[in-house]
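Which chain is which? They are A, B, C, D, E and F, in the order written, and residues in each are numbered from 1.
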Amino acid sequence: MLHTVNKSSFERNSLQSCLDIIDEKSVILLLEDGVICAADNTKSSMLAQLAADGKVFALKGDVEARGISAKLAENIQLVDYSGFVDLVVEHGTAVSWL
Amino acid sequence: MLHTVNKSSFERNSLQSCLDIIDEKSVILLLEDGVICAADNTKSSMLAQLAADGKVFALKGDVEARGISAKLAENIQLVDYSGFVDLVVEHGTAVSWL
Amino acid sequence: MATKKFMYLNRKAPYGTVYALESLEVVLIAAAFEQDVSLAFIDDGVYQIIAGQNTDGIGMKNFSKTYNALGDYDINKLYVSEQSLSERGLSEADIMPIVYEDEDDDWAEKSSIKIVSNAELTKIMAEQDVCLSF
Amino acid sequence: MATKKFMYLNRKAPYGTVYALESLEVVLIAAAFEQDVSLAFIDDGVYQIIAGQNTDGIGMKNFSKTYNALGDYDINKLYVSEQSLSERGLSEADIMPIVYEDEDDDWAEKSSIKIVSNAELTKIMAEQDVCLSF
Amino acid sequence: MKIAIQINEGPYQHQASDSAYQFAKAAIAKGHEIFRVFFYHDGVNNASAFTVPPQDDRNVINQWAELGIKNADGEPELVICIAAALRRGMLDESEAGKNGITGNNINPAFRISGLGQLIEAGIQAERLVVFGD
Amino acid sequence: MKIAIQINEGPYQHQASDSAYQFAKAAIAKGHEIFRVFFYHDGVNNASAFTVPPQDDRNVINQWAELGIKNADGEPELVICIAAALRRGMLDESEAGKNGITGNNINPAFRISGLGQLIEAGIQAERLVVFGD
């Protein structure tokens, strides 16, 4: 499955809720304000293991818009909208944590 | 000052942000989904001391709508909209933590 | 038409936002399409089905009774997160009775509410074809 | 007309929602009213004034340069939460330069950005007459 | 006391407008004056003349209209922000004409004006209360 | 692949509609089919024929209209939920007439229909992606 998270983990609980449920075959795409979860900060440990496993993606345009391109945590993979489409196609059911 | 919080402390960080800044002369009114912060739950300790000091109010209509009238934490004072108006009048500047 | 598994993911409290009400409106329509329908109540979404809601004081429509109709529409898989309940100081006893009549068991009345662990939710989620989030 | 102290409370990241942009639009209008204006950037609001924003990839207007105009409007009290910055792995060096010319100091160019502790924010907040939240 | 209100969200999606209405009604009942209600962001959608809510639900727009919040000159003090309104497709006859749009959709209990009206409300009123998401 | 989209928020206030548009455009560019875009909740406000955004900003409604998402019969597959639309003051000529409202405000690139269209999109499309707040 593809799980999408579009809110900052500082503002909302949606990333944590996603992490509580996600299975080992799933990947996460961070978009909109959700890219704040991809920055190197005090909450980065939430995603560190999944990122190391190659399962965390962030939308490049949203990362750049928020000025955090040079501040990403390790192992975050950037994708553009075309890559977002590929993730949807490849990973089956999409679950949005709104 | 009167600080209003209208979101659940499980969903958002707004109650915590308010608590980081509030001064000893201020009171808090919980309304809308913010009344979830007034329930007796694993986050009740956030408000326990302020509530004991008589500084935490919750909007009765919102508490009843969410079915938690019998589940409130200690020392939460219920007010109706008329009481909300009184709080605004009595406590000077109103700050909304949206 | 092929049958698909539809999950309705409810994570928000009622009344503060419209999502709970309009999600329920979709579910009622969905019943006519004879798909496999599940509802998940996670996070503050558990407040949608708490007993004793009374909206007289806020001037909004109390739609909580509508959940009782779900059984009549053959929608009887309401998964409620055990973790979300307990964090909020709630338990199964706080949830309103929502029942259905089991046609495979001589129309015995059964509860549609299933309290589930995160591990169970993970498994249920993994089986879905479509997830509608609100 | 009496002068009042107006606080603009910014707690949301830019672009994900419109609040940052429309808050800035109010501030620019507010300048004409010759009130005492302060802006607070707390929580994800600190991302509103981070350097190097580039919106080419999302098709939205990059309005971050507009903060530079605030000095020309005599708006030069931008309070940024130290705690919010450090939680997010950010520091003053990550904030775009936003300056004003101090008429009381031979028009010397000074920074409008003031990094403040929670205790300082508490004090600043307590002095306000009006708080606009977005 | 003179009280002003800012509303950041539209009708039905968020409770903001409902809460603000209940607050304003209670304030008026206690003898206070609602100096102005300023609708900003999606709040401008509260002024729609086109809403048709379900018969068993409240009509958020009519509730505001019935409160009849006006100034001494009889002008409505339910004010929607022009910049926010244009962006979101809320137009009175004058704005529609200026922008070459056929049709308009503002309930006459509301009026369109600039952001200065929000600042002015903050200055003139003794309290300003913000309702949002 | 056939992909359907659900959008829960209106234009400008939230990025949801922008993100969905960029996603849809990219999907079409890769040769996928956008089976339907279903606008629910405040998402119905994306269909406004009255929006006048600032000249230096994008026009969210026109962007959708220009994508020209249609079915084999040439009908728009930008569909707004009728129940959500009526509540929020989004009316086409037919609904305005039925409800005694003078005026209508739906961009012709969109059409109003029932919630069944969302379920049908979930059944017919191979993927459904939800954009919201």
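Here is the rule we go by: a residue touches a chain if its C-beta (ideal position, glycine included) is under 8 Å from a C-beta of that chain, and two chains touch if they have at least 3 such contacts.
As the structure is a computational prediction, the values presented were derived from the model and not from experiment.
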Chains in simultaneous contact with chain A and chain D: B, F
Farthest-lying chain, centroid of Cα atoms versus that of chain A: E
Cα-centroid distance, chain C relative to chain E, in whole angstrom: 35
Separation of mean Cα positions, chain F and chain A [Å, integer]: 26
Separation of chain A from chain B, taking each centre as the mean of its C-alpha atoms, in whole Å: 33
For chain A, residues that touch 2 or more chains besides their own: 6, 10-11, 13, 32-33, 61, 80, 93-94, 96, 98
Residues of chain D touching at least two other chains: 15-18, 43, 58, 60, 129-131, 133-134
Residues of chain E whose C-beta touches two or more other chains: 8, 12-13, 15, 19, 22, 41, 57, 83, 128, 130, 132-133
Contact pairs between chains, per stated definition: A-B, A-C, A-D, A-F, B-C, B-D, B-E, C-E, C-F, D-E, D-F, E-F
Residues on chain D engaged by chain B in the complex (per definition of touch): 7, 9, 11, 42-43, 83, 118, 121-123, 125-126, 128-131, 133-134
Sites on chain F touched by chain D in the complex: 12-15, 18-19, 21-22, 56-58, 63, 133
Residues of chain A defined as touching chain D within the complex: 6-8, 10-11, 32-33, 36, 39-44, 60-62, 64-71, 80
Residues of chain C that touch chain B when the two form their complex: 12-17, 43-44, 47, 50-58, 60, 62, 64, 86-90, 94
Residues of chain F touching chain C in the complex: 6, 8, 40-41, 83-84, 114-116, 118-120, 122-123, 128, 130, 132
